[in-house]
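Here is the structure we will look at, set down as structure tokens.
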């Protein structure tokens, strides 16, 4: 049984994923993509960085775009919000206990922020307090683009999904759906949550750690169709990578787009509530193409291969080599 | 400041609202309303009771209809799911400590079930284990009616909303939105959650305790429009009481319908995620008609007055008499 | 039988309704309402007038707003497009034959334009050629507001619906749905089309001729819900007069809004195709409230009473006094 | 200029496409596909044939399924409705004048019916009167599947699109959009209408005449997404051939499915109104992949190659061999 039982009493309490910081090759282009086209709201900006939030969020940012100073655009870190201030100290102790590096870092608009890494070195940060902004979810005059409501999840390539799942399970993430390699009995991919949806973070077997995508939640499939219409007629046609379609896993209606640097964004809706601690993970057969695509065109090769690297982090090849039997 | 600060470490851990048991005057008529028309799935039934679940639920039931044996159709109890088995014992201790009656009751398809009452005597039950059923959320051939996905919340009339909010706050429910009476500084209404949405339970000033409505969550406003089309052409026109429209409070797109006994059901979508423990409650002015109706026709008088009584329970008149200044 | 048989070979061939010219008390306010908020596209403007078209139209305008030079804002004329250039001459002959006034008038962006009046003096104009503009229906970056696709119909109060229907029937308009007064056997209201939808023009018994509303067609009910959200949070809440809801007659999902001068605009979708020349008109009982409102709140009194007058035209009281038995 | 000017005064007046008769290898399977799954309504049936209509149609049938008596399932004929009874006689004269065969045939539920063939021998039929059925468009209890509202168009492979367009143009069909081969200046494909939409019939260069697909109109893209969910989970996954996506040409949101014999059905919505007789045809570049797919996955090879043959009719290879430069 490769999926660990839910860890109901983790050492510290993570509420949800919070935000991601990307470096980008042209800040103005990226701002145009995320703010003008996708419809995220700029909450602060200067010539080095742009902070954005989605329409129902009251935290200051769910996405930071930072002008790269040379080198490949990458991910600086993934961030999570914890339940209470002292969960940060509990987290520090836990990471130290695991032999992971820890540091207290300064982040604008955030209170105390703990930086560490996961089991493969991916930089992850934790905070409790972030500057709160006035609600805008009923300022309908501001809605445009895909009308993104909130950040939904991160999806990472992992060189060893069993190891990633074990690590995040200890942090209290619970598996909702997964696939395993029938021969080796090892996990191929897993979706794990804290906040009561299908996932805050997911892992797929592959060269990693790399970030496969960050997802934003929208209310209905029509938002996604509107976005396709908009992107295909405003110069962003080639940024549409996959979809729309429905995933078997998660049941989500999805679209994958690439930003101006190739960072992948999923637009996501219609998954289901997972707050029950005894919710049974759903196992999918790696040979069932409907796990990825309940219906819709097969994913293109790029979707299986491309990912954003973490700043300064070497990636590892996965041991598990068998490719999923799904022809692009 | 009438809204108590969030109680982040309650004595026991409630996950979410779970189910309600209604008595009904004609079980066949009620079954037709909920299963054939609304689209809930029957999971068990005999000549005394019908058990139903919504499409994404894996617990055995979110609604029990029971043939009344005379008397006015009413509510037998409201039920909540707790996080772990020992939360039931912690709950028992807490209720005893509050001087509330407690009993361990037998409920089909459930594990140990604790029965108690809230501060006004409304019967509430708690369990951890319920029989789990196979997922049907991707059996799209079963979807019909309004395509209800899950039970979302209860809404009660309370004779003293401050008292109700204080009681449920101790149980860990957090206020997301509220209105208060400016003169007396007392709460007029409050929305409180455990599961990360606007509410698992809400209270409005009025003769109570009575159940104003039970709500089911649907994915998009079009489901609600489809239901209006269906009800208005299949003999249920007069069962549509209010809506569709959008609430200011909760931002939900809503429809209120009355079942064949007058139990009120809300069909509900597009509220927002509230998992942040430091989410600031939104205060609405009692004189702002957009708090109830961001847009749409005013609510009819029946919507302000009608409610389902709890079995055998006397109601109390509220002290706070001022009516909200919203003409039907 | 009050509904005349379809006149399959009228004296001249009208293709569809085309446009309306309103006078307005503040051109800037009106422009803001129609262009910035509703989402019509400005095709020309100066300090006296603004020309607009909807997203799928290639004719230069479907709406002209003209700064009033004092007096009540009103309607200057309703305009129709004819099939071929010589239909204008046939029309002139037909109107002369009916004893109606005729004139050839200059209208910017139009070819030869015939002005006349209907049987109650309402000014109507006919043209064949209008300046054609490049398609914008796939310029999705321009879509906003309610995303109006095209002008759909005019609705008028008539002091004698039988007379209006007879007159427009001679012009080739065919009745699709109607209500009649059971006692007198006279028509209460009728919907008449040329272009293959429910109507290009409709008449309802009342003080007239006055224009009850002009309608724009949108693709889905969600556009209407989006508009309600937008209007209710950008200062236009009180401009929402009725709806959303579904009409029994026409089956349309509707919303009625009032512009900044009280000219009524219907946002309209989901009627049906009526190109069959032998399509039987559907008769509705005047006592059936579902004819107006298949479901939804009753119409407010203003909706029954308010209308835009035609410039310089006296109105007449209807002979048929019985009010429809539908309480607001 | 390969597109003929609109023929405003054709020899006879066709109102719209009406219906198609398919032969099928297993009548029960086909009935299940069209009635139970897609949601068309059965209006008559015996052990040889099933008649169906869509939800807003009042004519008796838009589709006839007939048990094949051996041989490949095929198309018996395509049928059109004419404006008046004497248009049938005018049509007979016109076809005779063109040297086409003509016959008066008996068709259940229809009045006088003229059978002839188009310029490549495809069997086409014309009638004026068909038995009219009571409206069901407001019987919302009957809606299911994709909720098809009406038949929308036929799409045929033609061995010479210029010839087909010239022939149908003489019958009054007007081109709305088209592509041409830049080198030869010949038409590659054309969309032609009578009823005021993008097309009643379209022709694409290819081995023909064969029927590429018959299309049904649905109100919103969500109907199509619902159908994908339904088909992919009820055993019809492999019947989904292409889509959903949006065509550049026609602007339609589309899905292509194959029935149980491989007859192709398009589910189609959101094209635009084309009643203006001077509507300029839109020309698309054969090298522009957005003409076929404004966005969405490329069409699979089968979509370019597969078609339903006409009963007993030999097909011809097209002269124009250049394939459109769109890689599946």
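We just call them A, B, C and D in the order they show up, numbering each chain from 1.
Everything that follows uses one rule, which is that a residue touches a chain if its C-beta (ideal position, glycine included) is under 8 Å from a C-beta of that chain, and two chains touch if they have at least 3 such contacts.
Only a predicted model underlies this, so the values are computations on that prediction, with no experimental measurement involved.
When chain centres are set by their Cα atoms, the one at the greatest distance from chain B is D. Looking at C-D and B-D, the interface holding more C-beta pairs in contact is that of C-D. Per-chain CA centroids place chain B at a distance of 50 Å from chain D. Chain A and chain D have CA centres that are 44 Å apart. Separation between the centroids of chain C and chain D, computed from CA atoms only, is 33 Å. Among the residues of chain C, those touching two or more other chains are numbered 138, 220-222, 229, 232-233, 294. Chain C makes touch with chain D in their complex at residues 8, 15-16, 56, 58-59, 81, 83-84, 128-129, 132, 135, 137-138, 149-150, 195-196, 219-222, 248, 251, 270, 272-273, 275-280, 282, 294.
Residues 138-141, 144, 220, 222, 226, 229-230, 232-234 of chain A are the ones that touch chain C when the two sit in their complex.
Of all residues in chain D, those touching chain A in their complex are 220-222, 225, 228-229, 231-233, 237, 240, 244, 246, 253, 290, 294-297.
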